[in-house]
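In the two assemblies presented below, chain A is common to both, partnered first by chain B and then by chain C.
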Partner chain A sequence: MIQRKVCLVGDFAVGKTSLFSRFVYNRFSESYMTTIGVRLQRKVMLVEGQELTLILWDTEGGQDSTAVKRTYLGGAGGAIVVCDLTRESSIRHWPDYIQLLRQINPTILLTLAANKVDLLSPTHPHRTLAQQIAQEAKIPLIFTSANTGEQVENLFQTLAKELLRAEVFH
Partner chain B sequence: MAYQTLERDNNTLLAWLLAQEIPLNLVAPPQVTPTPDLTVALLTEALDFSGLDASCPPLKPQSSPQAEGLASLGEPERPAALETFPLSSAEMEKLRELVLIAERQRIAKLEAQVSQLQRQLDSDDSEEMIASFKPVIAEIIAARVRESQDDVAEALYPVIGKSVRRAVAQAIRDLARGVDAAMRRSLYPQPVRKLMQRMRGIDAEDAALRDLLPFQVHEIFLIHQESGLLIHHLSAVGTLSDADLIGGMLSAIRSYVQESFAPGTEGTLEEIRYGDLRIMMVEGSIASLAVVLQGTEPAGFQSLLLEQVSTLHNACGRDLRAFDGNPLSASTILPFLKPLLEV
Partner chain C sequence: MLKYSTDKTLVPFFPPPEELSLLIMGYILCDADLKIEGASKSAAPLLDLPPEALQKGQSLFKVCLPLVGNEAQIEAIRAGQLEHLLLEQVNLERQGAKSRYLNLCLLLQPPGFILLLSDVSQASLQQQQVCQQHNELLLLHEKLVLQNDQLQSLNRELGELSQRKSDMLAIATHDLRSPLSGIIAYADLLLDESIFDPLTPDQRLPIESIQRQGKNMLDLVDTLLDLRRLDSSEPQHQNTINLDMLVQWVIRSLQDQAKLAEVTVTYQGAEQPFVVLGDSEVLQQAVGNLLSNGLKYTGRGGEIRLRLFVPPALPDLLPPLDPTLTWGCLTVTDNGPGIAPDDMPHIFEPFFRTKEVRLSGLPGSGLGLTIVQKAIHQHGGRVIAQSQLKEGTTFTIFLPYVNQEAE
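Our next item is the complex of A and B:
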């Protein structure tokens, strides 16, 4: 079976663990518990008729990308860069994470998760900011809510498809 | 009968008591010789009228000359004493004092003792409290141990048993390492080993014990160094459903220790110990081995792991370098891992 390492990165409290829990266990907790080090879980997905095992590394968030332990990111086939749509700084830190991930692995496949979309009005300027950064970096962007579950499955499916596509062209 | 006529009046009560002959001495000055316990008990009991009312059964009259005399008079509701011995409040108070003096002294003494204990309990000085309770607790424990040794042993076993087991395991490991160090290598053929042991003055019993020490490899993980993805896994004790996660976690632990405690250095995490189980880790340039074992490994086991990792890299370097999560052929990897399971 094909397995791929996928890392979740982003500032602290943007909802990395919540997305991870929603996707793996389909549950959400209101209480915030900071991740120490890293949390690992496996998720077997069926993507376009093919099985793919994602080994998910939910990493500890910090103030910005400098807090990420680089060795956790090594060998990752893909990564999800998460921001909290209600916190502008976490969106503006996206380019730093993207640069860090590509520095460690130039072929890494990325997806941007603009999380906590349920807390924002449809016309909020942070949405536009996130779209602008995603377009500039040419990276797929998904607006998600770990709380309601909105688009969470789609987020991982999008990355999984990219990983399999890359496998075909490998 | 006379009991039913009682009113809530101490004087009346006392008069009634007098009529019952028992405390006659109390009201016959100067022969006031109160404070017999019996009187106190009667007073205390009789003063509580709460449960008494007209529905109470009549008190059986005392068998005394007075009682018999009263009975013979027909139906006198109140004995003569009832009207003839009224006491003033001051006299009553004096009577109370005389009757209850011993009790009051005892209560005062107890209150002082309680206050002293309360002060000790409230005190922040834990030393003082320990000093107060130490002799009592020690005595209780000693008595409990004497009375039921089995129960005590059973209660303590979970705590002491683990410590003893750990200490014995460590002592055995130390012995084994001592013997191995003296022998340098214990992988020589047995006759040669025995000869060398004799020459180096190693006790034959120690050497025999060393040879008998239990040892088993439970799991072997071959982990991709960079990604932490599991390349291959072998188990001597059955299948392990989370082998890929365990492999990843071992890799994460190694990274965490390195980045947190020794960033920028070349050191590696070589061993994790949990109770009797140990995880020995040996790193190669692309893949690392993590071996879960129990017992005391034979001398030179870690060198053997290093050799195997090195041989594996030499033989399968290209496959290992190309590894990106797609499974490698078991026939390529197994010849290097299986021998380790059979040590």
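Our next item is the complex of A and C:
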């Protein structure tokens, strides 16, 4: 059985906990409940016919990447870097999180979640900004909404596939 | 280093009372391969496991999810490169139950390891509340900053639009001025009997009309140009002006008009010299407009009183007058027909003329009071009006007073 630790990181209130809850329990709450420390949950996935267990770490977020507790990130095979599409600063902070994660584990597999897409007009410039950063960092980008559930399954599937592919490669 | 043993000395009582949960600790002892050797009684409940889950030989990774993935660090501890692995405030999700936060610390306990567990729920829940408030404030702040930005850019756009509009007005009025002056000059010429033969009354009438209406139009164009000049936030000139002398000069210059209108003009000057800073031409126009307005509307036998003085107290205005400045005021009071209460809020608006004035057929652009207001605002002052139908109207100008000794 393959098990992988996957961390959710990003500025506070971008929707890390909401993506976690949508994915694990298929639940969403409008009200904001600040996460302290880290929340852990195991989730078994079927990826291209293969079983993979993700141990999800929903970490507390701060104003930027300097607030991240590095001890939480140790041993993570993958991470999802989340932003709130309505808050430009949270998108601009992506490169800092990416750098931090790669510093701790150079072979970590990453996926970017541009969250709260339900709140954004289809032509909003923040979409392009997110795409630019993703392209420059060469990291898959998924526009998600924890609220509607849009692309949430796909987000975790995308990362899970990468994790499995890396596994085969080893 | 502390020595730990499998006896229960670390656990004072079990099950523990809720209020002491802050102090609860537990431990699990393992061999070098992280297979469980023993545990304190409190360990299983802390991890939300049945007691039998921590039986001898079980893998620590199986019962303690947060350790999965940390194999490299554990190796480092084993090799003596790392002192311990500390995971703080780990919230092991429990469906439907209150959050429990644990601090986990894995250390070498030769020949194996020891995992120390401590419940930090109380402190964490308190911290959660503080962070929650902090983050909510930050979000609110971000939202405000964003809204402020949006308002500012809207405001900028509006400013640009308004600027473009007044630029266009200025160009149009300026371009109107020269042909108009030409038309009037030619009408004057045609009526000049020293140059041309006298005209028949039939010819004279329409040319006089061209002359009169042309002059009215030129007045309007000039007024519009004046108005435009007042759009800048500061006066073009900054001279010290004796307001007492300025008012007297304005009264003198309108003497003939007053005589013609059969209106008495009286003036009571200030006891001390009242000096303001600004553009005397602009202020003359403002005072002149108030006085000539009065002359126009007061009616035969009427009276206009002007008074310059330092007010004993500042009136309640919105926004309030800066109380750190010394204010002087000029009142222009007539006993004319007064202004209807419904019209009062609009009298300073450009091109506004009351129904009565429009019906009276008196000429006027409706820009006179707009000019007064702009002129006074440009000088950091304020103008207000009070009126009572059939009794009369008072305009009061407030201007900041320059303290001559301080100059």
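The rule is simple: the second predicted complex is superposed on the first by the 170 of 170 C-alpha atoms of A that agree within 3 Å, B and C clash if a C-alpha of one lies under 4 Å from a C-alpha of the other, contacts with A are read in each partner's own complex, and residues count from 1 in each chain.
One rule holds in what follows: a contact is a pair of C-beta atoms (placed from the backbone, for glycine too) under 8 Å apart; a residue touches a chain by one contact, two chains touch by 3 or more.
Computed from a prediction, not measured in an experiment: that's the story for all the values here.
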| item | value |
| --- | --- |
| Combined model on chain A: chain C and chain B, fit or clash | clash |
| Which superposed partner A:Thr71 touches (first chain B, second chain C, both, neither) | both |
| Touching partner for A:Gln132 - first (chain B), second (chain C), both, neither | neither |
| Touched partner set for A:Asn154, first chain B, second chain C, both or neither | neither |
| Chain B versus chain C as contact partner of A:Asn26, first or second or both or neither | neither |
| Partner chain(s) touched by A:Ile2 [first = chain B, second = chain C, both, neither] | first |
| Chain B versus chain C as contact partner of A:Gln63, first or second or both or neither | second |
| Contacts of A:Phe12 with chain B and chain C, given as first, second, both or neither | second |
| Which of chain B and chain C A:Ile55 touches, first, second, both or neither | both |
| Chain B versus chain C as contact partner of A:Val38, first or second or both or neither | both |
| Clashing chain C stretch [against chain B; choices 114-122, 204-212 or 330-338] | 114-122 |
| Those residues of chain A which chain B touches in one complex and chain C touches in the other | 3-5, 37-38, 40-42, 55, 69, 71-72, 74-77 |
| Residues of chain C touching chain A in the complex | 65-66, 68-73, 85-93, 101, 124-125, 127-128, 131-132, 135-136, 138-139, 142 |
| Touching residues (chain side chain A, partner chain C) in the complex | 3-5, 12-13, 32-34, 36-42, 55, 60, 63, 69, 71-72, 74-77, 87, 89 |
| Parts of chain B lying in touch with chain A, wherever the complex brings them together | 224, 226-230, 242, 244-245, 248-249, 252, 255-256, 258-259, 324-327 |
| Interface residues, chain A side, partner chain B - complex | 1-5, 37-38, 40-42, 53, 55, 57, 69-72, 74-77, 167, 170 |
